[in-house]
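Each structure below appears as structure tokens.
Each of the next two complexes has subunit A plus one more chain, namely subunit B in the first and subunit C in the second.
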Partner chain A sequence: MGLGFVVGFIGLLILFHAAYSTIQYRGLLKITEEEFSGPPLNVVIEVTLGLVLCMWAALTVPGKFLSIHPDSEENRIVSLPANLDFMIFNHRYKVFPVELDVKLKH
Partner chain B sequence: MVTKTEETQLNRLENQVDNGGGGAWDYVCLVRKLKVRRSEKVLKHGLSILNDPKQRSTLGNEEWTLYEQVAVAAMDCQSLDVAKDCTKVLRKRFPESKRVGRLEAMLLEAKGSWELAEKAYTSLLEDNPLDQTIHKRRVAMAKAQGNISVAIEWLNKYLETFMADHDAWRELAEIYVSLQMYKQAAFCYEELILSQPTVPLYHLAYADVLYTLGGLENLQTAKKYYASAIDLTGGKNTRALFGICLCTSAITQLTKGKNKEDKEGSQLQSLAAKVLEKEYKQRAPDKLPQLTTALKSLTLSS
Partner chain C sequence: MAVHSDSASSGKKSSNGLNELLTFNAENMQSNMKIIYYSRTFLSIIGGVVAGILGFTGLKGFVFYLLLMALTSLGLVAKAGFSTHTYFDSWNRVLLDGFLGGLMSFVLFWTFAYDIVHIF
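And then the complex of A and B:
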């Protein structure tokens, strides 16, 4: 996970650097009075690289992904809750022998 | 809804606590969260926590929830002294509480003094006419005394006000099925499917009720719902697979003279039969011959 953080940090730095160089490039264009048709090639490469690194970090840092299939082995519904609001107490457990040390002791 | 992971976790904790390892508090919390009815174990382990003053003091404010849970478990296990003691402790701590009042009325119910419990519930309802749990307890009491018609009437009245309570719809559906009033049970299951469409068990129960009602339209709808149950469980629900085979054979029997949609129905049935045979081969191979004869008789009789 430490590696994920480091990679994410580097990706963010690269993105910020790309943003800064684009701003500088626009300043340069203003001085030479040309139109801003698009960012220079190295900025595009930097942005793509930063994107790849940040995405990789975002996928590895949070940890294991959970399954979302409702019919997968761990997500399938095994039983409904027992409807405890309607629980009744006059069932046949009355005839079971009473356990001896069942008492609240204070 | 209890999923498979939660069930394995619960069983593991139960084994651990039963064999003397720690984790009683975790077990009791998990039972409370999943709303399962394991009253014996909850009583035993909850009391072991409550009788131990050191563990009790580490709980802090959760202690009172544990008292309530142990009281209800004690009532279910007919250890009424324990329940009375727990309720007394709670009453001392919260003298003006309606929740404790409800617990005391439940204790009267567990003892069997129905009229006193009824009086207690009505007085609690006067103070607070919109308390859902008290309405449900009154219905449960009517059911316990055997007045099923009164229980149905009260439950219907409750559902007119609180239409979103799916536990109550489920209870009403089960009562109707026990009285063989299948049309009304089908209505209740429809409400359940509307509110929780991703639970395959409701689809299955609805299809069962429709198949029991019989008649061509009901059988066709039942087949659709068995199919949706298979869809939701990824094809692993054996009961739904059987349901499809039976529905198709019943439909073909009813529509013997009219040669409509022959192909589509039999394709579904043959697919379901194949999946059934594969599953039986994998899990219960000694029952496979019985299965093949039964399936053959189904397709032959149609």
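And then the complex of A and C:
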């Protein structure tokens, strides 16, 4: 996640640099009294690069997706707590269909 | 007292058909939705700044926003490894949820960046 932050920060810096160079470009256009028809090519490239970096950061920084299946590998509860008196096994889950391929893993 | 042995209605959420998800881990589901929300919000803001820098006005900006959200959906599906049924209970959640939620942030930062870069 630290890498994601760094990548996002670099993307933001690139965007700010692109904004600054666009401001300078507009100043130049005002001096030569031309119309603003579009940003210069290097600004477009910089902005695209910054957008790609920020998109990568936005997809990796918030965290991983967690599986929602109750019987997936990472959702297993494999250890019985020390206090067995409060664990009950005749709850409502018994109406679910029986799956005969559940394996016991350490 | 009549006893219903209908297992499809006793899960938290159920869908009939090929994908019989009788119940799911709601806490993980919520965490996944939060991740999508954060990603989309951040990218709406960044997209607004980009649209302002590039000088988009009017309809071009909104088209850019739609493109950006479509790219975000693609990125989120890729992040889920193209098997969204493992992490979400329907396609709509990852593709359409939060699509318009970031529009206000996008317009705010779009006008902000446009003013700073092009007017002052």
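FYI, the second predicted complex is superposed on the first by the 65 of 106 C-alpha atoms of A that agree within 3 Å, B and C clash if a C-alpha of one lies under 4 Å from a C-alpha of the other, contacts with A are read in each partner's own complex, and residues count from 1 in each chain.
By our rule, contacts are C-beta pairs under 8 Å (C-beta built on N, C-alpha and C of every residue); 3 or more make two chains touch, one makes a residue touch a chain.
Remember, predicted model here, so these are calculated numbers, not experimental data.
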Looking at A:A82, would you say it contacts subunit B, subunit C, both, or neither? Reply first, second, both or neither.
first
For A:P70, select first, second, both or neither according to whether it touches subunit B, subunit C, the two together, or no partner.
both
May I ask you to decide whether A:N90 touches subunit B, subunit C, both, or neither, giving the answer as first, second, both or neither?
first
One more residue to check, A:P39. First (subunit B), second (subunit C), both or neither?
second
Could you look at A:M55 and tell me whether it touches subunit B, subunit C, both or neither (first, second, both, neither)?
second
Counting only touches as set out at the top, which of subunit B and subunit C does A:V98 meet: first, second, both, neither?
first
Who does A:R26 touch here: subunit B (first), subunit C (second), both, or neither?
second
Common interface residues of subunit A with subunit B and subunit C?
69-70, 72, 75, 96
Which of the residues in subunit B end up touching subunit A in this complex?
1-7, 34-37, 43-44, 47, 50-51, 53, 72, 74-79, 81-82, 85-86, 89, 106, 109-110, 112, 133, 136-137, 139-141, 143-144, 167-168, 170-171, 198-201, 232-234, 236
In the complex with subunit C, residue positions of subunit A that touch it
11, 15, 18-19, 22-23, 26, 36, 38-39, 43-44, 47, 50-51, 54-55, 58-63, 65-70, 72, 75, 92, 95-97
Can you list the residues on subunit A that touch subunit B in the complex?
69-90, 93-94, 96, 98-99, 102-106
Applying the document's contact rule, which stretches of subunit C touch subunit A when the two form their complex?
5, 7, 10-11, 21-26, 28-29, 31-32, 34-35, 38-39, 42-43, 46-47, 49-50, 53-55, 71-72, 75-76, 79-80, 86-89, 113, 116-118
